[in-house]
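Below, subunit A partners subunit B and then partners subunit C, in two separate complexes.
So, the complex of A and B:
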């Protein structure tokens, strides 16, 4: 509707072709992009949905429909259940820590101090690094024989012998969380700083006059004002965290004891190593459903009373509240 | 005498890798294509870019442009299988690993090479290697890397602790390692047990060296009931946790790390070393143990078991989807040709692919220690040939890591492994 309103209305006396062209000119302009999206996104999505109900023969790529067998196989597969549980655990821990750390650091970097610009630039560096480089870097840091972490802890007397950080399930999982935090938290910081810059200073001045301390000002002013950005961050970080692949592929390859075999790695292995494309497609759809569900949940919780057209209504949720003494 | 033993060893390798023989055929007419794409893992001994230079020379000689894509083995595996499954035809020459033979044959992905290979090449290459890459009487791959492992050790470290010769059995290795540790060495040995196929390779070699079997002759899993397999796992668990003669970092170490630790002088034994380790250990720019490494005459084994070393040869193959098969074959023929094989061996110390090069005086003069390989090479064994090898390797390492961490007992771990393998075998049979 918005597109049509931007085009001039048909004038009397114009031919039907000219009128049609004038009316559909915007659609014509976007049709190449639509065709590309159709080719690289829509068709593969539909095809993978079809494959999830079939057995794809790797030899001749023929499809043999098997109904819900792939979904049944997926649900009874202990590797799938373990991978999904690990993925959810990793996502919950990582997103909570990223958001908490990211907002806290952004609050600090939002205050004026000497060297703030330099520090802000420095904070972005991990995020700017390619994922593969980040993974190799952290694999080296956690290396059992030559890693700087072992050397530092040993020198400080924290450990009495070098530890195989990536060789034990809990520490390997923790190492992946740390590597992910280091890479992804700067993105939260960046967007939060941008959101914080839009909050009028007089709100804080009024709050201070009313006797509110920093903690109260954060909960009553800052958080409600940056809420839309927090929501976008929660949604994108959740989806990206569920999709974590390069980090685990390089750092642990899913080990030890498959304690870091998250769902993306399992889907890749099921499809391209085990040639079980039907089950892999079913697993992919379960991941999509998980992302969809979490996104829906975030929107329901965080945007209670808000209008998605862009106008923010007065809500009973997290919105600027008067500060009481 | 040693040279003759080496020939005998090479022949032994051929016999050990007993698969069906190949048939013959007429050679098709060769018409060079303009460009081919080659996807291979880097040769573990090629630190000087020998194969890249050889590829450039090939282009200069034939006019065939080659896009050579080198990457890590696991990345190559992912790319190759994804492309073949999708019928993409992105590559004209691909890596063909010894563990993939059953799967690739089952899926009919490769062009049989019987009509391409010359009689000279067929009879000149090591027969065991050709047989490894054959299935149902047809040849599907031409070896480009004779990756066979040998037991090596640091003679200086052993001598300093009063040992004049290396261990032959695991029991002797344990005893000697404990003495070396008492004398200040961090660990007796390090092995590579990561959650990758390299980990499965090493675990398999250990089982073989205890006389154990993971699968019977019909490909049925037997690891849960085989007492020798159990003994092998018990030894690994004990070495990592109790006697601590094995570096616990073995759980995550790759082959390069094992080599680095060994040439740094932090371990005394290299259980499954590739030939290039000998050169690296004697390279003063890389190593702290120059002139200390030695090759054992006998590979490690349990009391009463046969000595065993692992062979992991790699071949080049032509996917059926290739549009430049003739040019692809020219490249394979060039890269695995006798002259280049000798040049490569002289340049980087790789084991030859051609039988007669084991008696070539240029090579035996440059690499006198090859003579020591002869005692071990005759006992080379390959990995199990399974359609579901990739999936099996993953669950093998998952269960092995649980046993190593003592999350499961060896008995329970092997029983679970067998049960999961039986379920897998059933899935692939149906």
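So, the complex of A and C:
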């Protein structure tokens, strides 16, 4: 890749301004984007950190610094602890199911059969659907009186009376997981299919010659080869799932008994309903910390032992050629 | 240690016993409670299949594999399409169809009246729902398009600079751009809300446009840089020798080559902004700025158990992103994977 130096020799006969412009051309190009990022991201992030150490007067935006009081209030708050535990539980369950289901479905869609292209194309539908529409849809599916789930299960004779799915803590939690899976798994599927396409076929051929069955080939070739994508998916999906909002806001409004009041909803309520911006900011920072911690954990686990940049671990007679990317 | 043949014999024996057991179970009318819980039955079926797999000949196995493959594919098809199909069915049903017991799976008389009501109002009179919907639709359109255009213009310049030049702070700034995307939206919403309220940007389209830039712009910069990286510099150099300025070469040479990637990124950004709910929900109060997702939420709650209304609005609101995604799916999939592989 040819990369030119930013500094080019000044040409004679140019004004000082023209020379300055010439020399700082790349900086000029990035300055609008930097200004926006500074304005809508960096400054708010720092401001939020400041607010988390203060009590913000909602009327005139003045700050009374209270040290770590907000964090202390947050940690002693029962609803915060419950919310955080539920968020972590939800994230772990959802991401694990999403990844396993997503990779499994991608493996199926990677085999040749009639209508495969159509089915693959269809995967983009849940992904593109607005999250709100997804939530409204599933809220109705689980509806206690008229929902199609109740109707189907009743007509099949699995249940003998309609159930209030969204009215019991456990089933409401499960309903949110299902709704989330339907919308989010296709993203994993699409990316995994794309990653599977980059695996050279001869790896499988040589594995077959070595007598490895499909099961072994999956664990020894497929999974190691798609590991970079799996890592990225894990990170993005985790950060995304921790922030689940539309589903719980619409389907259960955090209920029943706060069983689905995940952290984003709690922060939103603390800030905008109770106008307690300081504590809300502290809570939001704890969410970031959670995201960072999980990301760090994933990278740590995934990079254990060897580099993960698409190189295959060599083991037990299977010696695939290193792949150039 | 038993020999392989002996293991096989035992396997066959167990399989026969299982077959008889299962046949008896099914013959008794699948009376789960009589013979045991359903998961015991499921476990037996799984064991039967696994053991049976080793009994069958190679040819039969191949055929069975195809059956299983098509079975799985159909399952995936049903799972993906059923919920959305239900949304579409509901949108052409009447309220009576949906609250009938037992549920009518297909409407007695499919009707497009709901769409007519939503788009043009009832009997020449604009209804509340219709005006809300159309107002929000316009807002969504204005906000989304403005965000995409601003982000595209600003993002193109920046990604070009990041791709073609090395300057002080190059990788630092680039990583900063990426890093900001790991900060959850909840962290941003509080300071933005406080500041917006102070300067009067709450409940304005401008406020949402500014907010949406926070996730659209870094994404665009990052992805576009990847695309421009992939374009050889020779082309531009040739154009510059021929008398194009640097920006001229960029516009005339780089942009056309990057068109596919550009399209993917723009579509992706459009969908992100169109579907956004969290900020919109908390920053808007009136139709001056309410976007479609916000109004949709109200349809599902304010009007009681009227899923017909919500479903119709839901289908209409999903049309732009879903159609765009389906039409340009090739680009999107490349865009998605490029983003993930580079991120």
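Everything that follows uses one rule, which is that the second predicted complex is superposed on the first by the 281 of 325 C-alpha atoms of A that agree within 3 Å, B and C clash if a C-alpha of one lies under 4 Å from a C-alpha of the other, contacts with A are read in each partner's own complex, and residues count from 1 in each chain.
Criterion: a contact is a pair of C-beta atoms (placed from the backbone, for glycine too) under 8 Å apart; a residue touches a chain by one contact, two chains touch by 3 or more.
A quick note: this is a predicted structure, and the numbers were derived from the prediction, not measured.
Asks: Answer with clash or fit: subunit B and subunit C placed together on subunit A by superposition.
Replies: Overlaying the two complexes on subunit A (C-alpha atoms) leaves subunit C and subunit B clashing.
Asks: Determine, under the contact definition given at the top, whether A:258 touches first (subunit B), second (subunit C), both, or neither.
Replies: first
Asks: Specify the partner with more touching residues on subunit A, choosing between subunit B and subunit C.
Replies: Greater contact footprint in residues on subunit A: C.
Asks: With the two complexes superposed on chain A, say which partner A:132 touches: subunit B (first), subunit C (second), both, or neither.
Replies: second
Asks: In the superposed arrangement, does A:59 touch subunit B (first), subunit C (second), both or neither?
Replies: In the superposed model, A:59 contacts subunit B only, not subunit C.
Asks: If we overlay the two complexes on their shared chain A, which of subunit B and subunit C does A:221 touch? Say first, second, both or neither.
Replies: After superposing on A, A:221 lies clear of both subunit B and subunit C.
Asks: Using the superposition on chain A described above, determine whether A:111 touches subunit B (first), subunit C (second), both, or neither.
Replies: In the superposed model, A:111 contacts subunit C only, not subunit B.
Asks: Examine A:145 and indicate which partner it touches, taking first as subunit B and second as subunit C; both and neither are also allowed.
Replies: A:145 sits against subunit B and subunit C alike.
Asks: Touching A:273, do we find subunit B (first), subunit C (second), both, or neither?
Replies: A:273 contacts subunit B only, not subunit C.
Asks: Now for A:123: first (subunit B), second (subunit C), both, or neither, which partner does it touch?
Replies: second
Asks: Using the touch definition from the top, say if A:166 reaches subunit B (first), subunit C (second), both or neither.
Replies: The first partner, subunit B, only.
Asks: Run through 26-34, 80-88 or 332-340 for subunit B and report the one that clashes with subunit C in the overlay.
Replies: That would be 80-88, the only stretch with clashing C-alpha atoms.
Asks: Hey, what residues of subunit A end up touching subunit B and subunit C alike?
Replies: On subunit A, the overlap between the subunit B and subunit C contacts is residues 61, 143, 145-146, 268, 272, 277.
Asks: Could you pull out which subunit A residues touch subunit B in their complex?
Replies: 58-59, 61, 143-146, 162, 164, 166-169, 252-258, 268-269, 272-275, 277
Asks: Considering only the defined contacts, which subunit C positions touch subunit A in the complex?
Replies: Subunit C reaches subunit A through residues 66, 69-70, 72-73, 76-77, 79-81, 83-84, 86-87, 90, 98-99, 101-103, 105, 154-155, 157-158, 160-162, 164-167, 173, 176-177, 180, 182-195, 198, 210-211, 213-214, 217-218, 221, 229, 232-234, 237, 246, 271, 274-275, 277-278, 281-282, 292-293, 296-297, 299-301, 305, 307, 310-311, 314, 317-318, 321-322, 324-326, 329, 332-334, 336-337, 340-341, 343.
Asks: Per the contact definition, I'd like the list of subunit A residues that touch subunit C in the complex.
Replies: Its residues touching subunit C are 1-6, 25-27, 29-30, 32-34, 36-37, 39-45, 47-48, 51, 56, 61, 105, 108-109, 111, 113, 115-116, 119, 121-133, 136-141, 143, 145-146, 148, 151, 154-155, 182, 186-187, 190-191, 193-195, 228-229, 232-233, 236, 239, 242-243, 245-246, 249-250, 263-264, 267-268, 271-272, 277, 280-281, 283-285, 287-288, 291-292, 295.
Asks: Please output the residues of subunit B touching subunit A within their complex, sorted ascending.
Replies: 74, 77-78, 81-82, 84-87, 103, 106-109, 194-196, 247-249, 251-253, 257, 260-261, 266, 388, 390-391, 394, 397-398, 401-402, 405, 407
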